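Next, two complexes with chain A in common: one pairs it with chain B, the other with chain C.
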Partner chain A sequence: MANYAEMQQIFDDIRSDFRYDHELNGCLNCGVCTATCPSAHFYDYSPREIVQLLWTENVEQIYDAMQEKIWACAQCMTCAARCPFKNSPGGLVAIMREVAIARGLQSAKDVLRPFGRVMLKLITTGNQLSPDMIQPDHFPDWGPNIQKVEGDLKVLRKAIPVKTLQTVDTAWEVSLKTSVEMYTIWEMTGVLKSLEMMDENLFDVIEDFIDEKKEDYEDWLEEQDED
Partner chain B sequence: MQGDASDTVLVVGAGPAGLSAAASIAAAGFRPVVVEKEDVLGGAPILSGYAKLVPSGEWAKDAIGRMVARVEQDASTTVFKGTKVTGFEGEPGDFTATLSNGEHVKAGAAILATGFTHFDSINKPEWGFGTYEDVLTTTQMEQMVAGGKIFCPSDGRVPERVAILLCVGSRDRQIGREWCSKICCTVSTNLAMEIKELSPTTDVFIYYMDIRTFGLYEDKFYWKSQEEFKTKFVKARIAEVTTSGDGRLLVKGEDTLVKRPIVIPFDIVVHAIGMDPNEDNPEISKVFGVGLEKHGFIDRAEFYTSTCGTTRRGVFAAGSCYAPETIDDSISQGHAAAARAIAELHALARKKAG
Partner chain C sequence: MNPTDNTPGNHNANGDGATKPGFHNTDGQGIAGHGSFFQETNLSREEAVKATDWVRKHVDRRTVDLGDRMDDIREHMWELEREGEIIVHRITDAHKPMTVRTLFGWEKKIPTNQLWHHKSCGQCGNIPGYPTSLLWTMNQLGMQPGRDYLDETDQTSCTAWNYHGSGIGNVESLAAVFLRNFHQAYISGKQHGFDAGHFFPLVHCGTSFGNYKEIRKYLIESAELREKVKKILGKLGRLVDGKLVIPEEIVHYSEWVHVMRNRIASELQKIDVSNIRVTAHVACHYYKMVHEDAVYDADVLGGNRTAIITSVAQALGAQVIDYSTWYDCCGFGFRHIISEREFTRSFTMDRKIRVAREEANADVMLANDTGCVTTMDKNQWIGKTHEQNFQVPIMADIQFAALACGADPFKIVQLQWHASPCEDLVEKMGISWSETKKRFQEYLKEVEQGNIEYLYNPELAYGGAQ
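On to the complex of A and B.
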């Protein structure tokens, strides 16, 4: 539990973000954001509450909301599309999440831990999800459509007339050059730094992997020069 | 050529503001020339078939009807219906207007009483207007009240529950309408009472962001609608209107007490539509050489010493062409604009006489 000065500092981090004044103009308290919010239907989360807490500078409740509530947002931004004042509650949540990560809040680490596997898949393959991950039992929301991905996946995927999609352990094939470009983007935009703050072990694994890939790429470039 | 510039004032538009301006000009011994683009006089209250007016409670056709008769029966007043002004040249004391019927009118001054355009609810598709038969505008609901029977247009049943949504086309940056339309809160409370009066088994709910029943309308409309007519007020902006299997409308909002989204069934949903700038304002601005303010309404001159002025000398304005306005205040402004125009003609005459 943070003391008041720390909570004030966290709020200062949020409101000094360059996007803050653009995402928050005030609040008419009409509640259209919460009414339209898919997450509010399932979780103890109300975008109007987030906006009100920020607008009234309630640093204690802001800190409290950052422990769990802000992670319920699906970032669909319907709130921003509906707000008559053109606030972006979802955009404010994005800022709060970034501050929670930059400050290394334990709650953020706990919430994000289950996503480590997705992160690893993403960074090692350039894909979040691959066909061989789709187990019918895990996707009840697909309904009867799930039948379409049962059977011999390799054969099914061969039927797609795009060569980079004829894979099973990745959704599409990502070239070495593209991968290295993505690593560069993640480095320069601070994604890897955030990862290090949230999960040091996962960061080490991923960093080793990236170094290896970069070496492969350098080798490949040298081979091209020799030809 | 019609008129004499020294004693004629051109009045453009024959709604509440234009009709009152014309009446004052005539009463002061000057000659009004009224040009109305529609084929009937009376403006929005007559053209859109409003029911009982706020705050008098008189039927629109009676109240505005008297204003129309006063102008039509005046011998010194000339009225052009189904006619537009297509050109306006000259200077204060010596203007010449060209009309769409080919006639020319000489006038010393002009008053724009060109009014507004109702917001078109099609521009807020998530609220179901145009999709569901039982989603109506306040204008349509006024017509239903004037017809004397409250029913669902889809199948004629008596509605158990009616929702009125405020600020449709007002106070909404998403669709470029940043103004409050001023009248809809009071009109909606009035409408809620009229619905209850005609259909005692129907419950009316009003969904609001703020209630702006200004001045004496607080107790005469807002409080009365609750105390005597049991109108329910819910602070929530509706996210969307959909339909349930049994044909009722579903209204999705936030229960702001518990901060949870809720879905509530209704039989009729009414959009309290706002007031847009007249859709002809770009043309009016060009023809009369007057500026528009940032929302697209007619721009005011400095107000304190040039009341009812525009950005062009000798051209005055009144009513809802300036901004969303009530019928009563539009009428007052019409008289004020008439006084300004007459004073201008007097000043010019004195100057000419030396």
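On to the complex of A and C.
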């Protein structure tokens, strides 16, 4: 639990984001954002409340909302499309999530733990979802009819008539150079640091993977020079 | 009566009577002007002005901001190019553009030729019939791979699925990924003997489309952001003459389908679909993010809703059936579909599938995005546990169009990856599911032997010649 000064600092982080003034312009309390919000159907979450807390600079309640409520948002941005003030509650939530991670809030770590497999895939390959992740074992609730032709996954993927899609562990084939460029972006924009803050074990796995890929790329470059 | 902490409506005082942080009224006497707690403040004019300055400041800024937001960001983009800050990747006559109208009646150019396919990680990993149907349709229209379109390995996803799901990532990383991928699109023609700018990016994913438009806006508005990402792009060797490359338009594949719909129907269509009842679900991130850029057409849905999906279904002659939750999200939620699945499947079953089934009696729900197709397609079976014994086939607009144009449901439209009852739709279109499935299973034996059919020469993906 943060003290008041820490909560104030967290709020200052939120409102110092350059998008803040884009996303928050006022609030009539009309509630159209909440009325159209899919998450408000199922969670103790209201985009109107998020806007009101920020608008009234209620730092204690903002901190409280950052524990669970902000993670309920589905990021569909229906609220933003409907708001007569041109607010973007979903955009504000995105800023609050970034701050929750930058500050290393335990609640953020807890929420994101089950998402680790996807983050591993994304950070290391640039693809979010790969064919080998969509197997009946991983998604039993998707039912036995998860695909309508049975067979070896590799063969089924080879039967896609587009070369870049004939992959199993990535959504499409990404060149090694492209991946290395992406790792540079992660490093230079602090994404890897955020990841380390959230999940040290996952970070270690990813760091090893990235180092290996970079070495592969260096070797490839040397081979090109020799040729 | 003096108000106390327990007085209804007095939410502003702490236990010791001090004003809670964040509240701006001063006397702990309720919110002035509301109900029975209203009391005269007895402030002097100067004191009153001082006390309400913050309100005036916010309101004034809002008015200014609202005015600013009616600006077309593209005008500022051209200004930046004139000032030598950026290079705009132009849509030229060679791209054979068609002009459409967006929400506020602004014009948007949609290139129809020389396209760089910016793939979607969810589509390619999960719904491969999405991109294959698109490339097949382009081939059928006479477009030549390697000249009129390019699909290559040098691209990452936009990474926005992760950002919206986890909050890991930031505007800088999203902007750097955007500029990297679009720089690659800009220069990709060179290795095939064309000038820079030959191929124009065509974005397959709805979230990528929304994210890239939002990021382009931030890049144009923020010199600080441009400065930060310029260092990154410089390190990657992805500046042109020391400048960032920004595309003239961000174009979604469904906009290409929209402008090509009459050619698809008149030149390619082989199957009468007038007996098919279609419902449309347009991706939130297509028309709710940077909404001023979504395509509207006075002849489609009265111009009151985005024309995407509905327009191609109508051009093909299908019955487009309205339903009451048209505007609703599918329930995807980015993180939710992975780790809060009870939300995703409950919302999609209650607000989309049930309504499409019970109100519209739909034969199919067409979508234009990765997450929406995945969500609505994969989450129907589990509904049976709650006696939700209704199902609707789910696919992309371009998959439906390809079927209507005679594409093979397995080899091209790749419906074998769908969990919803697409076989019902295929049969209703007069195509034998069992026979085509049998043929596909025979083809799989050929694939095992290495005899694979391609939509383009595979070497093109690696920079090779056609």
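The working rule: the second predicted complex is superposed on the first by the 207 of 227 C-alpha atoms of A that agree within 3 Å, B and C clash if a C-alpha of one lies under 4 Å from a C-alpha of the other, contacts with A are read in each partner's own complex, and residues count from 1 in each chain.
Everything below uses one rule, namely that contacts are C-beta pairs under 8 Å (C-beta built on N, C-alpha and C of every residue); 3 or more make two chains touch, one makes a residue touch a chain.
What you are looking at is a predicted structure, and each value in this text was computed from that prediction instead of being measured.
Asker: I want to verify the contact counts: of chain B and chain C, which reaches more residues of chain A?
Answerer: Partner with more touched residues of chain A: C.
Asker: Give one of first, second, both or neither to describe whether A:195 is in contact with chain B, with chain C, with both, or with none.
Answerer: In the superposed model, A:195 contacts chain C only, not chain B.
Asker: Of the two partner chains, chain B (first) and chain C (second), which one does A:71 touch, if any: first, second, both, or neither?
Answerer: It touches chain C, and chain B stays clear.
Asker: Is A:97 in contact with chain B, with chain C, with both, or with neither (first, second, both, neither)?
Answerer: Touch partner of A:97: chain C, not chain B.
Asker: Counting only touches as set out at the top, which of chain B and chain C does A:43 meet: first, second, both, neither?
Answerer: A:43: touches chain C, not chain B.
Asker: Have a look at where A:18 lands relative to chain B and chain C in the superposition and call it first, second, both or neither.
Answerer: Only chain C is touched by A:18; chain B is not.
Asker: Between chain B (first) and chain C (second), which does A:161 come into contact with in this model arrangement: first, second, both, or neither?
Answerer: Second partner only.
Asker: Quick one: is A:85 in contact with chain B, with chain C, with both, or with neither? Answer first, second, both or neither.
Answerer: Touch status of A:85: both partners.
Asker: Does the superposition put A:148 against chain B (first), chain C (second), both, or neither?
Answerer: second
Asker: Output the chain A positions appearing in both contact lists, the one against chain B and the one against chain C.
Answerer: Overlap of chain B and chain C footprints on chain A: residues 36, 41, 81, 85-86.
Asker: Can you list the chain A residues touching chain B in their complex?
Answerer: Those in contact with chain B are residues 28-32, 34-37, 40-41, 46, 48-49, 81-86.
Asker: Tell me, which parts of chain A touch chain C in their complex?
Answerer: Chain A residues touching chain C: 4, 8, 18-19, 21-22, 25-26, 36, 38-39, 41-43, 56-61, 71, 74-78, 80-81, 85-86, 94, 97-98, 100-101, 108, 111-112, 114-115, 117-119, 122-123, 126-131, 133-134, 139, 141-149, 151, 155-165, 170-175, 177-179, 181-182, 184-186, 188-191, 194-195, 198.
Asker: Spell out the part of chain C that touches chain A in their complex, as residue ranges.
Answerer: That would be residues 20-24, 58-59, 61-62, 65-66, 69, 119-126, 128, 131-132, 135-136, 151-157, 159, 161-173, 176-177, 180, 184, 210, 218, 222, 224-225, 231-232, 235-236, 238, 284-285, 287-289, 291, 327-329, 331-336, 338-339, 341, 343, 345-347, 351, 378-382, 410-412, 414-419, 422-423, 437, 440-441, 443-444, 447-448, 452-456, 458, 460-462 of chain C.
Asker: Write out the stretch or stretches of chain B touching chain A in their complex.
Answerer: Listed in rising order, the residues are 126, 167, 171-174, 209-210, 235-240, 252-254, 256, 259-262.
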